[in-house]
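Can you read through this structure? Questions will come right after.
Just so it is clear, A, B and C label the chains in written order, and each chain counts residues from 1 on its own.
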Amino acid sequence: MDEKFDCIIVGAGVAGLAAAMTLAKNNMKFLLIEKGEFPGSKNVSGGVLWGSDLNKLVPNYWEEEDGGWDRFINHRRLTFMDEQSSFSVDFKSSHFNEPPYTGVVVLRSKFDKWLAGKVEEAIAESDFAMDSFVAPNILVEEVLEEDGKVVGIRTGEDKFYADSVILAEGVNNLLTRQVGLQDKYVPADHMLTGVKEIIRFDQDVLENRFQLYGRSGMSNEFVGHATNGVEGGGFLYTNKDTVSIGLVLGLKDLREKEQTPYDILNHFKKHPAVADMIRGGEVVEYSAHVVSSGDKRVMPEKLYKAGLMVCGEAANLLMNAGKAIQGMDYAMRSGILAAEAITKAKEKEDYSEASMKSYQDALEDSYVMKDINNFQDAVHLLHDPFMVDKMPNLICDFGRNFFSIKNEPTKKARNMFSDSVKKHASYWDLVKIGAKGAKAL
Amino acid sequence: MKFYVCIKQVPDVNAPLQIKDGQLIQDADRNILNAYDASAVEEALVLSEKHGGEVEVVLAGPEKAKETLRKALAMGADKGTHIVTNGDEEFDSYSYAKILAKFFSDKEYDFISCGKQSQDTDAGLTGPMLAELLNLPYATNAVGLEYSDGSILVKRQGDAGQEMIELPSPGLVTCSNDMNDPRIPSLKGIMQSKRKPVDTISLDDFAADAASEEVKTKVLGFEEKPKREPGKKYEGEPEEIAREVAKLLDSEENVI
Amino acid sequence: MSTLLTVISVNDGKIKRSSLEVLSRCNELAEANGLTSAALVVDANAGEIAEQLKSYGPDAIYTIENPIFKNHLNTPVLKALSIAVDHINPQLVAFASTESSKDILGALAANKEAGALSDMSEFELTENGVKGKRPVMASKIISSVEATGTPVIISVRSGSYDVVEKSSDASVEAIDFSFNEEELRITLKEIISSSSDRVDLSEAEVVVAAGRGVKDEEGRNMISELASVLNAGIGASRALTEAGDYDPSLQIGQTGKVVSPQLYIGVAISGAIQHVAGMANSKVIVAINKDPDAPIFDIADYGLVGDLYKILPPFIEELKKIKQN
């Protein structure tokens, strides 16, 4: 029983589960450790899982009646808000109706537990059916190192050894800091806090209200008045018979403006555009979780060490550039890549730093780091006060003029727009932001 | 000393629930080891660690209840029996008591322990029913157990106070969760549990008669408990709000 | 004529109010359906208790009297009940839901091969049994249930029905019963604690319940003082019975007792569903808690947000003033 594992994975979130699934399929002997009562018990996402990696892990997952996901996304909306109005860009396409879907809404306590069940099934079919484990309710307290190489982990009094360790511990990455890959102290202005409620409806009401059919679903992001002047944005996603509604808010800005996430969420829910969507629903759950800003400046530069790799949000892999929050898909891909790197390391029996580096190289080559690198400016742009405040006001003001018919001579749209600009910003602001935007996107 | 603990998988009452057309729906399908049974397992383990002995767990339930059996093994039980049901039968406590009685009819043991009740239904019937069917002396609502000279001393919680009862072997005891804090399986425990023996028997082969008998009690449906509307929250100077509420309890509610 | 039999629970020579609630309900059902409502007392002083029962309107009273019942052991009670059920042949046997009735309900049901429903909050007769309601899922949800056959055995939560006084000229019949020590099988070694001098929690009109925030002698003294001003029963959350600060028999909730007083005051209790399961039927709920988001405030009629050590002294003082006038 005291034998060594090929790999110990810390954290059964999306990243850890993706890594575990990949290892099980590659016939590796591993231990997946989760501190929560069960995988997913405390994890929070909005949450749309974008992309199609899930299909790699669980082929044809949509065929399963009681799968871990709620709805696929074929309808997307981005909404700008001022105090009373909203102006949306809305896109719906039957192009997205067929699997493999490009985005599915998941509730983490259900999804993670389901995926963990799939990992157990994969273990049972591997050569290490009796020797690989998913172990919930265990806190990993320390990463063990010997002669400059990571050799295992400690929980309580017990030590467990492995050729490699994957840290998939999420945004609260204490172990990543402990092994020195990230600064012990990350400044608050690089952290966001996410709050979320789950609101239940009668399923028919939900489907009629959001024009859903079968398992189709909608995702809606919000910028502007949603956050009551605090940097960040809002989201609303449709689940089977609930909606997930929430905000992601800058921690520093919250503190400076002396507001609480809960109050802002209530304010957001009262906005006419939102109130109409959630009317009559019953709040069944409230949760809060820290999110990293996706700012590369706080990302650990090195995601590996001899015998160790860091993936998912523990590595700050996240992007929130306004049109979507992407964290789970990055977590999933990075977990897969880490597990593949370890599989290769085992073949070569080489767990040195150079060998572990192949993980980060693969990540740099993947869409994950390409996106993160390419869209850094967009990330900064979204956090520009102009985007939180003036821009949505301007857009809504224009919308109000454009769509109202007053039995008096109607101005040309161009003139309306310039009136709105004059009221809420200067052309100079707009030019600046336009230039930034063009560069960012 | 040989201990058998009857354990049950129950829905987690803390997980989101809803009622649709009179049916109870568990959104997340979250199921756990009945808290009272976890205490029973813990206590049996403590006694067997102290006095030598073996702890076996037995569970009647659907396929997916296996994870609950594993949990008890991970806590430290030596062996498990899973009597596999379809999961859609409408069994009541009496049905389970009869199934368990059948299981025990050819077993040897010193003590059987049960939880004092199921956390989801609070029925509290199975233990005493099983004792009666097996013609065993029993004690309920135990908050402490001690072993001495072939008997257990049961500290039990009665209506007004506590009493100590001597229960000879073979006997049956039902356990309260006030007895102990069940251990959380360690990583070693989880790893060992995979290799522990589990007997899987299908209910149909084994106790078809017990299972096919007419069930005497039935659940007809579920409804939401009428919600209590929250009243008023008083925040402010402790002195002021305390006096204000005291007065209202007298003048408005007339309960002083 | 068929009989509805209420088994009367007795504690220290006093009839428990909750069993009179059950008796009153059975009287009502018997009258409406042309049946007999009978009461059964199994006690060391059953004869005396039977006399008291005459103010609560049963059509018939049965007693089984024997000193053996002093020891609270289940074996003799079970035998007595089994004999009584054979003798009376009732269609319904109803208990108040107490630890003592929980001790034997299942065994009696198995002995009589009867359907059993425990902890009901409502019940009525059907053509071939009983149907009614009982709380489940830590009392978050109510289930409708039904039991068929003869007899049906049930227990009923305290506070579910009102006690109706009604004089009765029922005769008292003593049922033959003998028991010798060898039949006991289990032995009472010691009575560790008993609370005969305290206000019985499950019958108290006012309950003061202490939670984890009551962390020292000073806090406990305040609780005692508050209870004595209001002549209240003292209860506690599991946090404090577990810590040994309060007697375990005072625990209110899913594992402990169900209370349904006119006034419940929860001091530094967060309001976990398992605690709420035992007090949600109180008429007026007052909560004192320093955390404004404590779940107990979702069900409290009067929620006092603040430190108990600052709130209780003026609260007690004001109540004293009110009491004096």
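Throughout what follows, a residue touches a chain if its C-beta (ideal position, glycine included) is under 8 Å from a C-beta of that chain, and two chains touch if they have at least 3 such contacts.
Since the model is a prediction, treat every value here as computed from it, not as a measurement.
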Based on which chains touch which, is the overall arrangement a line, ring, star, complete graph, or other?
line
Which pairing of chains gives the most C-beta pairs in contact?
B-C
Chain centre separation (subunit A, subunit B; CA means) in Å:
39
In whole angstrom, how far does the Cα centroid of subunit B sit from the Cα centroid of subunit C?
21
Whole-angstrom distance, CA centroid of subunit A to CA centroid of subunit C, is 51
Multi-chain contact sites of subunit B, meaning residues that touch two or more partners:
none
Please name which positions on subunit B make contact with subunit C in the complex.
11, 13-14, 17, 19, 24, 92-94, 97, 116, 119-133, 137-141, 143, 153, 155, 157-168, 171, 176-178, 216-225, 228, 230-235, 238-239, 241-243, 245-250, 253, 255-256
Complex contacts: residues of subunit B adjacent to subunit A:
16, 18, 27-30, 184-188, 190-192, 194-195
Report the residues of subunit C in contact with subunit B in the complex, numbered from low to high.
11-12, 72-75, 98-100, 102-111, 114-119, 131, 135-149, 185-196, 200, 206, 230, 238, 241-242, 247-249, 251, 254-255, 262-263, 273, 280, 283-286, 292, 297-307, 310-315, 318-319, 322-323
Okay, in this complex, where on subunit A does subunit B touch?
1, 31, 33, 38, 66, 107, 109-110, 113, 130, 133, 135, 137-138, 155-156, 158, 160, 198, 200, 284-285
